[in-house]
Each structure stands twice: as C-alpha cells, then as structure tokens.
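This structure is in structure tokens; I'll ask about it shortly.
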Amino acid sequence: MWGGGMMFNELVLQEEARPLLEEIGVRLQPIYEGYYTADAIETVTTLASQTVKAGATIFNCISAEDVLVRENQVCGLVLSWTAVEIAGLHVDPLTIRAKCVVDATGHDIEVVKVFLRKNQPATLTTPTGGIGGERSMWAEMGERDTVAHTKEIYPGLFVSGMAATATHGAFRMGPIFGGMFLSGKKVAELIHQRLSGEG
Amino acid sequence: MWGGGMMFNELVLQEEARPLLEEIGVRLQPIYEGYYTADAIETVTTLASQTVKAGATIFNCISAEDVLVRENQVCGLVLSWTAVEIAGLHVDPLTIRAKCVVDATGHDIEVVKVFLRKNQPATLTTPTGGIGGERSMWAEMGERDTVAHTKEIYPGLFVSGMAATATHGAFRMGPIFGGMFLSGKKVAELIHQRLSGEG
Amino acid sequence: MWGGGMMFNELVLQEEARPLLEEIGVRLQPIYEGYYTADAIETVTTLASQTVKAGATIFNCISAEDVLVRENQVCGLVLSWTAVEIAGLHVDPLTIRAKCVVDATGHDIEVVKVFLRKNQPATLTTPTGGIGGERSMWAEMGERDTVAHTKEIYPGLFVSGMAATATHGAFRMGPIFGGMFLSGKKVAELIHQRLSGEG
Amino acid sequence: MWGGGMMFNELVLQEEARPLLEEIGVRLQPIYEGYYTADAIETVTTLASQTVKAGATIFNCISAEDVLVRENQVCGLVLSWTAVEIAGLHVDPLTIRAKCVVDATGHDIEVVKVFLRKNQPATLTTPTGGIGGERSMWAEMGERDTVAHTKEIYPGLFVSGMAATATHGAFRMGPIFGGMFLSGKKVAELIHQRLSGEG
Amino acid sequence: MWGGGMMFNELVLQEEARPLLEEIGVRLQPIYEGYYTADAIETVTTLASQTVKAGATIFNCISAEDVLVRENQVCGLVLSWTAVEIAGLHVDPLTIRAKCVVDATGHDIEVVKVFLRKNQPATLTTPTGGIGGERSMWAEMGERDTVAHTKEIYPGLFVSGMAATATHGAFRMGPIFGGMFLSGKKVAELIHQRLSGEG
Amino acid sequence: MWGGGMMFNELVLQEEARPLLEEIGVRLQPIYEGYYTADAIETVTTLASQTVKAGATIFNCISAEDVLVRENQVCGLVLSWTAVEIAGLHVDPLTIRAKCVVDATGHDIEVVKVFLRKNQPATLTTPTGGIGGERSMWAEMGERDTVAHTKEIYPGLFVSGMAATATHGAFRMGPIFGGMFLSGKKVAELIHQRLSGEG
Amino acid sequence: MWGGGMMFNELVLQEEARPLLEEIGVRLQPIYEGYYTADAIETVTTLASQTVKAGATIFNCISAEDVLVRENQVCGLVLSWTAVEIAGLHVDPLTIRAKCVVDATGHDIEVVKVFLRKNQPATLTTPTGGIGGERSMWAEMGERDTVAHTKEIYPGLFVSGMAATATHGAFRMGPIFGGMFLSGKKVAELIHQRLSGEG
Amino acid sequence: MWGGGMMFNELVLQEEARPLLEEIGVRLQPIYEGYYTADAIETVTTLASQTVKAGATIFNCISAEDVLVRENQVCGLVLSWTAVEIAGLHVDPLTIRAKCVVDATGHDIEVVKVFLRKNQPATLTTPTGGIGGERSMWAEMGERDTVAHTKEIYPGLFVSGMAATATHGAFRMGPIFGGMFLSGKKVAELIHQRLSGEG
C-alpha cells in the first residue's frame, strides 16, 4: 500500500470503506460517483498509528516461520528475527501463544501454507479443504468475496484480505483498497466475538 | 532478435517473409536460393518505428503480471513497472482493459501460463486443452507450424510466434525469422477481423 | 527508527523532546529521571501521519540523485524512481524546483555529498568549508550539537539530524532520539522564516 | 532515452531540435511555446533505423574496453563481447582501427576515462587538461554547453552529448533531449570534415 | 545453538538433561521448577571440547554429499570440501567407510533425503516407509518424541535430534534443548551396542 | 577431473585403464596392486591435447541448449555462447547437425534431460524407458556398469561416463577414473562403427 | 583457526605456547624439535569453554560498528546485531561502556580503523602515529613481534594478535599459532594491571 | 587463451614464436606473411601437458595471497585454496618456499601488487621504482616490450608476459600471442641461470 497504485502515491477507495477511514481520520477526495482517493502515506501511517493507540502491539523486525499446534488447534506462532532470515543464519526461534492467529500475508498466504504443508492431513473450511489459489483479477467479484471469505479456516487460524481470497480460490481484487479494509474490520470483529465468548 | 544469430548481428529470413519486410523498408541481401540476410539492428528498429507510426502504442518499462477475466473471457491485463519487479518491491499494480490480449512472449508464454495457473479448470483450444510445451528444434516444421498455430486459444487470448508453437506443443523454429514475422502478421489480421466484427 | 534500539521496538527520549511528541499524540512512559520510552511503531507512524495532515507531501518510491543549481544557489532536486535505482536501469530523471532543500539522510549525507562532489569549488558554512565527517559516539555532545549544527550550509541547502553532525564534523549521537526531533523542528522553523521573508 | 522522462514514455524537445527530428520522420506534439513532446519508442527506433539506412553499422552485443594508440594518436578500439564482460570471464579481445573515435557514453565517459587512466601524462583540450566532471543540473546552461563542448579532445578522440559536458566540467542537461541530438549532429559534421580532409 | 534462543545467548534446558550437562561441566542456572538456563557459548564449546577429548574426530570444513551403499546397507559417506560446495566448483569427492552413519542435520535431514532420493525403492523403518516430515511445533510432544524416534531407520543409517522427528513425521520441538541432548546420548548408546556386537 | 580427488591434484586409476593412458603418454605411478595414480593436470591436458591432434574439434565457450530432431531421430544440437547463458541475456542460437550426439555431461545428463522434457512421449532404451537416476556410490559396481551402460539410448543419442550410469539408474562410481576413460573409448568405438556403416 | 592450516584441521604450535595450552587442557603431539600439533576443533572449543568458565562473557551474533569516546579516551563500543549488518538493514544500535577495549580482529583491525577514520587527528602509539599496515610474511619475526606490539595504542584501546602486528607495521606471522596465544595472554595481563590500578 | 580471440577458438601467432610451438608439437596454419593461427584448445593443452612432462608441478585449485620475505628478498608464497577465497571463508593459509617467484598473472600483476602494497618502501627495477601501469594497446610495441621487460624486478621476484609490460609501464600487446610465449621462455632461462649459479 505504501506506493499507492503503481508508485503514484494515491489509493482509490469505494464508498463502503469511507466510514471506516473517516473514523480514524484519513482524508478522502471524491473522484467520481462512489469512489475516493486518499494519500497512500497518510492512509498507511494513520491506520498504523491509530491501531497502536487502540491497543495493538506491532512487533517490527520479527517474522513468523511456523505455527504452534495442540490437538488439532492452532495456538500460537514460532518467531524469528527477520534479519536472521534475510542473512540466512541458523538461529533458534522463540514462540508466542495466541488464541487466534490471522494470516493477512496477502497473495502468499504464508502462515496457512506452512500450516498445511507441515500438518497433513489437516482440512480447511474451504471448498476443496485445501488452498484454492487466487484466480485472475475480477475487481467487482474480488472486492465482494474478500469480505465473504474472511473467516476461521481451521480452529484458531483466520484469514483476511488477499489471503482470504487466495485461500478460498476466489478472484483477485482490483487496485481498489476498500474490500481489504472491510475484511480487516470483519476479522477483528470475529476475533472479538471469540475472545468475549460469542464466536 | 537484437543480437542476430549468436550475437553476429545478422538475421536469416526466407522468401515468404520478403514482401512483409520490403513493405516496411528493411533491406535484404540474398544469400542462397530462397534465403536472405538482414541487419539485426535495422530490422528491429525499422519494425518498431513503423509499428508506432502505424498507430500502435508501445509501453516501455511496463510488465504484465496477470490478466483480467470476466465470465470465461480474458478482458485485460494487470500491469506493473518492470523496475519494481526487478527490484523485488511490493507495489500495487494498475490494470488495462483490452478486447484482445496477445501472448507473444516466446518460449516462456508468460501470459498463457499465468492465466492457466490461476484459472483452473479453464481449457485452451489446443490438442490437450492445456499447454503442449515446445518440442526440440525441427526448423522446417517449426516455421510452418508457428503460423498455423497462431490463433485465439481462449476467449480474448491469442498466441503468436514462439508462444504459439510452445502452447500448441509443436516443434521449435530454427534460427530463421520469417515464420515469426508471418505469425505476427496473422495475429494482427485475426484481431482486425474481430474488432471489425468479422472474426 | 522503525526497529527501535537494536530491533527491540522501543525508543528512548529525553525530557527536552517530550513537549514535541506529546503535541502530536505519541504516548511516553517515564523510565528514569528525565528519560522516557515510546513505542517505535507508534512514534514513526504518528509523526508521519501528523506531518501529512499538517500539509506536507511525502513522495514515496522516489529518490533524489542530484540537485538543481543556478548561480551559486541550490534550487531543486533531480528525481528518479527508487525502483529504477535498485534495478540498475538507466532511465532519464525528472526535476522539482525548491526554495529550500534539506539533507536529512543521516550518516550518509547523500545530498550534500553529491552537491559537493559535482560543484567544486563550492564552500559550505562548516569549519573546514567541506564535510567534517561524523566522529565516534559521545551521546551528550551529539545530542546538543545536532541542534546547534542544524542550519543552511550553502544557499538553498540545509542539514538536519545526523546529517547536520556528520557535515559539521561533530560527535555521533547515542541511541536517544530527542535531539533528532528537535533538529527537525529547528530546520522547519528556519525554512518557515526564510519562506516568510524573515530568515 | 527508451523510458522517456522517469519511465513515462515521452520525451520533451526544444524548437532547435525540431528540424533534425522532422527530417528523419519523428512526429512531434507542441506542448507550449518552443517545446514539443515525442514518443520515446518512436524517437529511439526511428533514429536508429535511419542511422543504419544512412550507412552506419551498429555492432550490438560488443563493448569497447580500451583504445588503440600510436604516437600520441587514438587510432582504434579494443573490443570484447558484452556478455563476456557481464559473465566475468577472461577472453582475449579483438581490435578495430578507426580514424575517429567518439565517446558518447554519457555521464560515465568510459572511453575518455580508460584512455586517460592508461596513458599518463596525456593532456586533453579541456580547461584542466583532464576530465572536468559533470556539475549539477542547470538545464539552460547544459543544453547550450553540450553543443559548445562537442569536439576533438585528443588527436583522434571526440566527445559528444553528456560525455562532452562531463569531460569539460560543464553543467548537467535537464530532462530535455534537443541538445543531445544537436551535439550528435555536430560531432558527425566534425568527423565528416576530418575524413574529407577539411577538419 | 550458538545464538541461543533468538540470538539472546541463553539456552533453556529441562531437568532430564541436567545430569548429562553437569557431567561434562556446563553450569546451569535454575529459572523455574524443572527448567534451567545455560550460556549458549559455554554449552556448545564445552560439549565439543569434551567430545573431542573423549575420542571423537570432528572434520571441519567437510560436507557429506552422498552415502556409500552395498547390498541394501549404508556403509559410508561421500565427502567434499564445504568451500568447494559454496564456491560452486566441480571437484571430485573422496569417500569414508563407516559401520554406522548418523543423520543429525536437523530439519533438513540431508543425509536421509539424499539416500532416499537416490536409492528407490528403499524403505525406512518409519510409519510411511519414507520421510514423514516435521509437523508444526508442539513442544511437549516434540521433546518426548525426539528421543523415541532416535533409531536406525535403514541398515547402517541412524537419525537423531530434529532429524529424528522430521524423518518420523513427529511434532517439532520447542526452544528447549534437553531432548536434543538426550537424543544424541541415545544414538551414541545404540551405536556402542552395535559396534560391541550387542545391537 | 582438474582438481583430482578433493583438490589434491592426483587421480587414482585401475589396471584396466592403464593401456589407454600409456598409449597417449600419461605417466602412471603404481600405488598398490592394480591401482595407479596420475597427475591430474597432466592427465587432463594430455588427453585433450591428443584428442585434438587425433582430429577432434573442441568448441570452447559454447553450450548446447537443445537438440535438433527429425522423425524420431536426434540429428544435431542447438548452440549458444556460454557467456550469454551466464549473463542471462536473450540471444538467438545457431545449430549444428550431427549424425551422433553424445551426452557426457556427467551427473547432470543435461542433453538427455532436455531431450526427454521436450519430446514426450519419447522412450529411451533404459529399464524404465526414462531416466533411471544415479544411485548412491558403490564403486565396484559403478566402474563396471558405466562401461556396460555406455550405448545409444535413442536414435542418434548416446550416453557415456557418469551420464551413462545416471541415465540407466545404476550405482555412482567411486573416486577412481578408469571406468570413465573406458566408457569414453567404448562410445568412440560405437560411433566409429555407426559412421563406417557397421553399428 | 577452526579450519587449521588450509582446512587440514591441525594447528602447529611452538614450545613457548605449550604451557598455556596444557594449562587449559589442550592435548599436544610433538612433531619435531620445539614444535607441536593440536587438533583445531579441540583447541578452539577448549579455549572458548575455559574462557567462559573463567568469567568472560562472549556475546554471540553481535558486532561492534563504532567506539564510544569522551575527552580523548575510548570508553566503550557501539553494538549492533551481526544479522542486521549482513541483511543490510538500518536499525539503531545500542552501546556498552568499557574501561578497556581490545581490537583482536586480526588483519582487518576493524576497531582501530573505525576509530582512526572518525576521530582525526588522533595519534596512536605506533612509529607513524597511524596504522603501519601488515607487511608480508616472515614467520620468525612475526611470532616475536606480535607479542612485542601487543599494547595500549590509544587511551582505552588495546591491540593483540595479528591486529597488533598490522597496526604497528610489522611482519605477518606464519601458519603457527603460538604467538597469537601469547599475545592474548599479554593483553589480558595488561588489562588486569590497569583494572587493578597498576597499569 | 582458452577462448582464442573473442571466443573464436583460434590464436594468431607471429613467425618468432613458431620454433617454440613446433618444438612442443602445436600445429600452425600460415595465414599471411609471418603470421600463423593455431587451435586455442590444442595450444593450451599441449603447452600444459608438455610443461608437466618436462618436470613442472602445477598446483590446481590453489591461489597465492601473499609472499614470504626475508631481509629484502622474496623467498616464497603464502598459499590458500581458491575455493576458500571464492566462498569468502576465513581459513589459515600454508606457505611454500621458493628461490624464484614469477608473477605471470597478466594485467592484474597480483603478486607484485600485494608485495608492493605490504612492503613499503621497497623499490622495483622499473623506471619509477613502482608499478608503471599498462598503457593502451600498441601491438607492435607491446610484442617487443613484453620480452624486453621480462626480468627480475626485486630480489627473488620476476615478471613475465602481460605482467611484465604492466609493471614496467609499457604498451598493451595486441591479440597476438607470440610475445607472451617468448616472454615465458625468457623468464625460464633467467631462472635456470640463477639456479645454476649463472644469473
């Protein structure tokens, strides 16, 4: 998102995402009926700034290389320094326990992939039981489906954003960012329900 | 083509391609019965120069990383900067709509491959319904087949040149460039018919 | 700054910088007399978010490779895509005019270096007339000097932060971030005076 | 030039270069008083196409790694395959004799640099007798000076385009391409005079 | 192990491994009921130092690239210089005969993999007859299973440590090192029995 | 072979290869019953020197990237510069016709692999009809089998040396070079018979 | 030292170093009058193991990128993760205070170099006041001089081992390791005197 | 030399070198008055083969990284594995004593450079006392001078071939190989005289 569409520093968003962005203070310029643009830097930094102030902790420089499992339940992540990974060193990881793990790694769906590869014969709540794979771009379908497919796909493991469409086997979203934000909101609500005993 | 055969800056062409090259002003030297050589630089630059003057727009520095689809129809391309790809950065792409998309990426048939990989169970109009794969070199067969297999292989998606033989599963062309030019001419005619409502 | 000190995601700040950070909404935790810590992600994103909202435009994915000059005056920058630079391509740059150019590139003082290398015998307002070079770390001296040496070092060209100490030949700052913020504030005030006709 | 200014596929040219481009058939669109734009691909390919048709031979895939000298005269080039250089192999070069050698390698002035480095104490016809080095960008001065400094700088060795300003120590040209074309025309005329016994 | 958990230079060990480490002289600090920490450097160097003094020969700078086989029996290793491998050179290897070969290469189980890939249809004494693959992390199970699965999996070929769990298809161990040491002790005992005619 | 066993500059050879090496003038030192050592440099250079003098032409700096086929017959090679391949450039290849093509590329069996990958459903004269794959090292078997499996595996395509064992699915040879030389001699005799109408 | 001389896993040591190695338990084999060999792995690991047990703390995975200074005194180090350096990331360092800093980085004398480069016009207690540079190898002289030149070369900054000869401008040591160990012992004694108020 | 001129596998030689090549059995084809061509592979392999048979030992896979000195005399080389150098590992070298060391490393004159850089203020028997540096190509002068400048340039250190012209500051040789062979012969004679007490 940092570069906007093709490095032009602007993001395009649809009407549905307007309330969410206005709530956190990102300024929108209407371009044509139902679409807005926002400054890419303002959007990313304001989102992250408000997220941290709202109570989230973002661990920079750290990557997840595996998940913790226990009795058919994903229950945490195996963490290592990103720099160690880039440098190609072999250093023992540490772990973090988590009631809910969200894969929001986009096209690459890295967490779901490592989970599936290492825990056969686990089955996901997708049409095939495995990873459907992202289809080519059909923006209207993609925007709608990314929210629809945002869900818990294995006990303790959720997907959101492009990782949701790619896991389900749905169409790729276009260069419009609203669906991604709405997917993020939906997964937050699902987790909130779970943690408060409703989901 | 820039380097000619093995960097010797000369291209070999057969009689069939002579009219096409003479029409755009590339000078040919006969070498033996039915074959000509042309300067590699003159051929490439004159072709591109005349193509642009004829009305084509060539977008330099831009790569196609995916296609747009809609109801079993290829209807455009997902574009990004080539430099972004080489640099390994993650920047959001933009898109372009197109009535006809041609894969002329040679051996690699990059557009057809990304389309097939991401849109199973799509079927191409090839013997296997998928990519046949380029066979080893049999120059006479390759020259003939590259024109024969230049066609629309999926609604909205055409192949030409080496991408046509590689998609069909035909023999590789030899170091002679005529078939490739004639394939390019054929795909242009097919698209012209389509856009004018004939094809 | 993203990683905090040694990737621990926390920044240390001194009392002098507290008002500035509180003004833009970064939360501080006192650690001992006169020192505070702040979350690295919250600090960076809140600073950038507020900067953009205050009217600045940040061009992401773009690098400055040279300056514009005119009659012993720096009057703009030569810009290219960062991705082009990383990819090692040769693409013609574009330019932007500016009444004030600030080098805030840290240790590397990239803008001052390219200016000096290409415009001999230009003289800076430093003790040697050239680049003094950053000395080893002496945190107390560095914090104080980075503000003192934040200034216009050639008509139209300012330095701030670590670029200020490195240009002047002063001691390196320690792993405390207050001086850097105060230097940024000072250079903003100097430019404001200049543009409003006072400096 | 292939990418136009910052990969936007368009070149800007001034009035002075219009006759030259119209003569070879490049189409220009006026943008404002005295300035035109041209398609980058059309300009490069038409120039090269017409250059070859006019009798020049362009050796693709070949690099010059040194010059031939004889009694204080540059009299040819030492050639190797570009691919060999990129691959880092050690292969013996071949040579080509030339009455006039032109360094048109731009900022890098590669031919002049290798000549100077290896033939001390040779002296060029520049203000310092050596390489002045390109100064920062001052478009108006650069456009004018690139033509003025296009000349023979050592018996048998000419400079043109950005190599001319960089060798002389003049200001860098802006993102406007006319001066470069006029410099190319001037060096061609100088060599024509020399070969016909006038220069 | 050199870096401890995530480069913090400390290892965590459980009660079961205490006698083994105390026997060779590694100092342990209790942290909480049943767990100890040890200095990473002290642990690695003391282990290696005592191992060599006890009679083992460690060949540094040498890698195994294949195994020797004879009548369904692994009977040695094909060795080459590690530097040759890193440098990508082609140099002929030498060989070493061995009554017992242990794969203790961790996650990568390099020896078992090369053996299986090259000697189909060999069958291992694992549930699937092939490599089960390491599952995600479940520390309690992993610690227990790494000892249980330490054994001879093909005549002449043993596995220990993470290679044992990865070959069997068991859960990954957590950032606790005791199981690994106990697995090493078990494989040593198995080999001792074999060589003394008991196993 | 240049480095001898593990860079020690010595080759080990068995009695069977002695006559062949003595015939071309390589000096052998007996080490123990039935085995000799030879200087690696002397062996390689004398072999190549005598091969060229005997009438062979070795094209240095050239790689084969594909084969020519015609009616179920391999009938030549597609050639390109090795430097072009290393440099990652795209340059059109040239071709060479051949009555017999020998794959002597060792473990990698590059020619057979490219032939099989591109010409399905071609069948080789091996137990599986495809590539068996090199097994682990069993020196005695490998030495014997490399000669036995040296043959024509498809009309026009021969294998020798390690490529013969790897194609057939036989055991890897040990660090002894005699079998390889005898395999080379056998393939030369097979081709000689073929070309003289006997094979 | 890990690889021994040229990867042969053996170290050669002279009589003078015997007591030191025997004291910490490294086994020596006499080879000829006054010289011994030791296993490389045993020597390195036993040295490190005993060093840690004697009270030293070795921080693995951490590099020194600069020194702390204060009034013409080196008083600590600027530290960063080695992985960050290898990965080419920009992360803020932390610092450690030290009464004595020893440069034992061998040929590269990294600490002394960064100190001198950044703190001109500092003067070392060497013949030139700067870095003399290692001379070619003269083993007898090198062994003797490495101990002689082990000393404090600037207040708070010591050199030992090859860094001592390289800083002073002395001859390189041969492939014998005794002088290096004796130099290490000497620098330890110098620091002990300093810390106990004698040096 | 392996690739011949520009990878064409042929070498050009002048009359003066004919006797030397005929003596060792390299076949020459006259091309025009006083010049011959030879097959590149035949020339290199026959030279090396005959050199080894004549008594020389060539150590493959080994590089010289420094020289041994003693009282203003070069008396040997510091050796390491080439693979270790390419792999960037740190492994202790070994040494070899030599009465005469020849730098025949071509343009790079690696041995002379490392000697000069590390042993200031040593003086060579060249016009400047240091390295003159190779001048641009003047084939006639270069062929003649390479033999003239083949000599002992420091006690125990000789130069031959391109290293001789580059050290002296003479013109570069053209793509003709005779001078290089004659230089090699001359340095062999100089060393023979020295070792037999005449030089």
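Points worth noting:
When the chains are written out, they are named A, B, C, D, E, F, G and H in that same order, and each has its own residue count from 1.
Rule of thumb we're sticking to: a residue touches a chain if its C-beta (ideal position, glycine included) is under 8 Å from a C-beta of that chain, and two chains touch if they have at least 3 such contacts.
Because the structure is a prediction, the values reported are computed rather than measured.
Any chain bridging subunit D and subunit G, meaning touching each of them, is among C, H; the list is complete. Between subunit D and subunit H, the superposing rotation on Cα atoms measures out at 90°, rounded to the nearest 5. The interface formed by G-H recurs in C-G: of the pairs listed in C-G, B-D or A-G, only this one shares over half of its residue-numbered contact pairs with it. Between subunit B and subunit H the centroid-to-centroid distance comes to 51 Å (mean Cα coordinates, whole Å).
Averaged C-alpha coordinates give centres for subunit B and subunit C that are 50 Å from one another. Rounded to a whole number, the gap between the C-alpha centres of subunit D and subunit E is 63 angstrom.
Taking each chain's centre as the mean of its C-alpha atoms, subunit A lies 34 Å from subunit C. Residues of subunit F found to touch two or more other chains are 2-4, 7, 61, 81, 83-84, 89, 91. Pairs of chains in mutual contact: A-B, A-C, A-E, A-G, B-C, B-D, B-F, C-D, C-G, D-F, D-H, E-F, E-G, E-H, F-H, G-H.
The residues of subunit D lying in touch with subunit F in their complex are 61, 81-84, 86-89, 91. Per the touch definition, subunit G reaches subunit E in the complex via residues 2-4, 7, 9, 25, 27, 39-42, 44-46, 48-49, 52-53, 57-62, 81, 83. Within the complex, the subunit A residues that touch subunit E are 66-70, 74, 78-81, 84, 89, 91-95, 114-115, 117-120.
Subunit E meets subunit A in the complex at residues 1-7, 133-139, 171-172, 174-175.
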